[in-house]
Amino acid sequence: MKQLKTPLVVLNFKTYIEATGKNAVRLGEICSDVSRDAGITIIAVPQSSDIRPVVETGVPVFAQHIDGASAGSGTGHVLAEAVRDAGAIGTLINHSERRLTLAEIDAAIRAARRTDIATIVCSNNIATTKAAAALKPDFVAIEPPELIGTGIPVSTADPEIVSGAVDAALGIDPDVPVLCGAGISKGEDMTAALELGAKGVLLASGIVRAPDPKAALMDLVSEI
Amino acid sequence: MKQLKTPLVVLNFKTYIEATGKNAVRLGEICSDVSRDAGITIIAVPQSSDIRPVVETGVPVFAQHIDGASAGSGTGHVLAEAVRDAGAIGTLINHSERRLTLAEIDAAIRAARRTDIATIVCSNNIATTKAAAALKPDFVAIEPPELIGTGIPVSTADPEIVSGAVDAALGIDPDVPVLCGAGISKGEDMTAALELGAKGVLLASGIVRAPDPKAALMDLVSEI
Amino acid sequence: MKQLKTPLVVLNFKTYIEATGKNAVRLGEICSDVSRDAGITIIAVPQSSDIRPVVETGVPVFAQHIDGASAGSGTGHVLAEAVRDAGAIGTLINHSERRLTLAEIDAAIRAARRTDIATIVCSNNIATTKAAAALKPDFVAIEPPELIGTGIPVSTADPEIVSGAVDAALGIDPDVPVLCGAGISKGEDMTAALELGAKGVLLASGIVRAPDPKAALMDLVSEI
Amino acid sequence: MKQLKTPLVVLNFKTYIEATGKNAVRLGEICSDVSRDAGITIIAVPQSSDIRPVVETGVPVFAQHIDGASAGSGTGHVLAEAVRDAGAIGTLINHSERRLTLAEIDAAIRAARRTDIATIVCSNNIATTKAAAALKPDFVAIEPPELIGTGIPVSTADPEIVSGAVDAALGIDPDVPVLCGAGISKGEDMTAALELGAKGVLLASGIVRAPDPKAALMDLVSEI
């Protein structure tokens, strides 16, 4: 697995129409442009069926989800080998919109290791951040569910949860950096997150659904 | 939605390595070749991340699964619009390896209608075939779970379940044709299925993992 | 299975504290009293751990959920034999707060038949009412999810969905009566439901959380 | 919460007919008798609907599962308050037959703390044992899934996984003792488990389905 340079900006395309198909490609190009101009790692996280065309824009791509199972009888499941083959270099695991059992999270991390792709395990509070860190993913991303999609940035609304998660993960495994998400969209939110010890941000609607996603993304990375 | 000419051969790529990435493309080409030579509709059902390159082989492509939700906050879910945009013209729903709640099956069928793609709802016995038919999908595919992957063809091992499912669906809605699956791999299995009233077959390992998938597929359609 | 005299009033205790433990027993007694006075069948639907003491009040009791599996390795699951042994004479299946896959609904109905207990399968719209009726449960209960817990009675807010569901079930199987739920709490809601062809009502918060549940229940059955 | 004296013997009744209804009560009496005679804590884990009558035998009782949600709209779910009110003093969480998402495990532990009942979180390997320990339950019980129900005792078949889990939990939180399960049924299995650092065992079929459960249970605790 190639080492990812922090701070990371991880842009989750979710299933937004504004980030599906041709729109996904356009957004991938924006990520690629802003990343090059700002010298910041920006990762695009499109739907599975859009991984290939988004990879072609040159932006590093993560899958939104993988299953832990090995190849075989997994109709409708997401095989680690398949997304890696499509060009993804990493994956979200256990996003709040795609929760997995503890055993499945562990299996998905192992599937990612098996295929040499990076992992960001999502958590919802400090306790589950610790548990996620104990599984040794490449990153844990804490997103308090009550702030997701609100536009209220976690880094200013609830700074203790960000610094608490950073400390908690550190206490379990010093090699597991923490990202934070929920409500992040502006440069000041990003700066606040980094000052609290986060190594990057996970964000979605604040950029994807912005009137001008490129301007929004440039603002996000402007203060770093 | 374009009308699909029956009998249908629906080839589920599952998450077999033999049907992932480059192998998926190769298998799509085989489907495309055999379909053209034999004059039989063969549908390829690859993983989401392989839909685009398989579509390029010219074979009609179905997704393995879609979620019923509309566009938005659906990280890790499969949006009907996304697979349609990738080139899929239909989808499996409720495969035995990706079971959905009754409400989700109904929602997925509505999502497919909204995006004008065809639906094959999978069922496991005569009762659930009736229930599935009541939701008015384009096809119901009955697969007795105890025969899946065994190589024992449902059409000879349990012919009553195939004819029973055909009659049951007919009793609910004469416009919902039945496919049958589980253990199908040879021309005689296919013929037996059609004689029992099925309008096609859903199959996977018998072709995907055959030593020579093209020969296996040619044998399958040889007696029609 | 003993035949249940319609119209039915089915009172879902959910996991309300007002209907847990001693409160469940008190509410069971109220159901029993009102049922006797009004000559109307009232069914209490407590949590599993409260089935036994509520049965002792003399009210007929249904479980909130059963699993379809047979006895064995089912830690944390609800065995049909266990709730029947505890005194339940029926069960809800596929409530909107405990959705099951289509195959599981079918299996749960079979488990109920095996143990000779009655079944009410919940549905969320007309299409899923048809599908549920095709599985031949003893009742289908339609509850439009957008009205659950609102206090807006489905029988007046959306009468077409009630009469549509009654007709739809009838079209599939004339022996499957329809109950309706969501927002029902007053005598006039009940009367409206019966006039639309429903054979009873499924209700919860309107009675359970009423300041005086006995008075609320008496009002509910006052116009029949 | 009352402190539980270790070593613990936790007997999971699952949904075995041999441990349902009257059989559950009889088995509870056996647990109670053997516990008193041997001076060992034996915990009975019956189905929800059997908690009350098993509690009356005098044996300490755990639930097989609780949900994390608070009281309210949880039809078919298991409220911590309900099982506590029925007399349970603890609960299994995340048994391999009732897996939960990471967020649900955390919520269930919080629900148990809220109601002052003890928690045993089940795990399937060393990594998930660490993660479970990070959530601070009262116990973690490791059960390698490949050995469950085989009669091959984990403590002799795979001693490293037991001692590894003990060390792993210790490394995360020295206050979280480890139980082990899978294949345990004899006194020598129990002794081996304790020598490897486990503070008790979780077992089921080896006792529940033994020709003479009382003799089997007496043998289990005979060497301590």
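Going by the order they are written in, the chains are A, B, C and D; count residues from 1 in each one.
What we mean here is this: a contact is a pair of C-beta atoms (placed from the backbone, for glycine too) under 8 Å apart; a residue touches a chain by one contact, two chains touch by 3 or more.
Since we're looking at a predicted model, the values are computed, not measured.
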- Shared interface partners, meaning chains that touch chain A and chain D: none
- Computed distance of Cα centres, chain D from chain C, in Å: 33
- Note: chain C sits from chain A at a C-alpha centroid distance in Å of 43
- Quick one: report the Å distance separating chain B from chain C, using the average Cα coordinate of each chain. 36
- For chain A, residues that touch 2 or more chains besides their own: 96
- Note on the structure: Pairs of chains in contact here are A-B, A-D, B-C, C-D
- Where on chain D is chain C touching in the complex? 12, 14-17, 20-22, 47-53, 63-65, 69, 71-79, 81-83, 85-86, 88, 92, 95-98, 148-149, 204-205
- Which bits of chain A are touching chain D when the two form their complex? 94, 96, 99-106, 123-125, 127-128, 130-136, 172
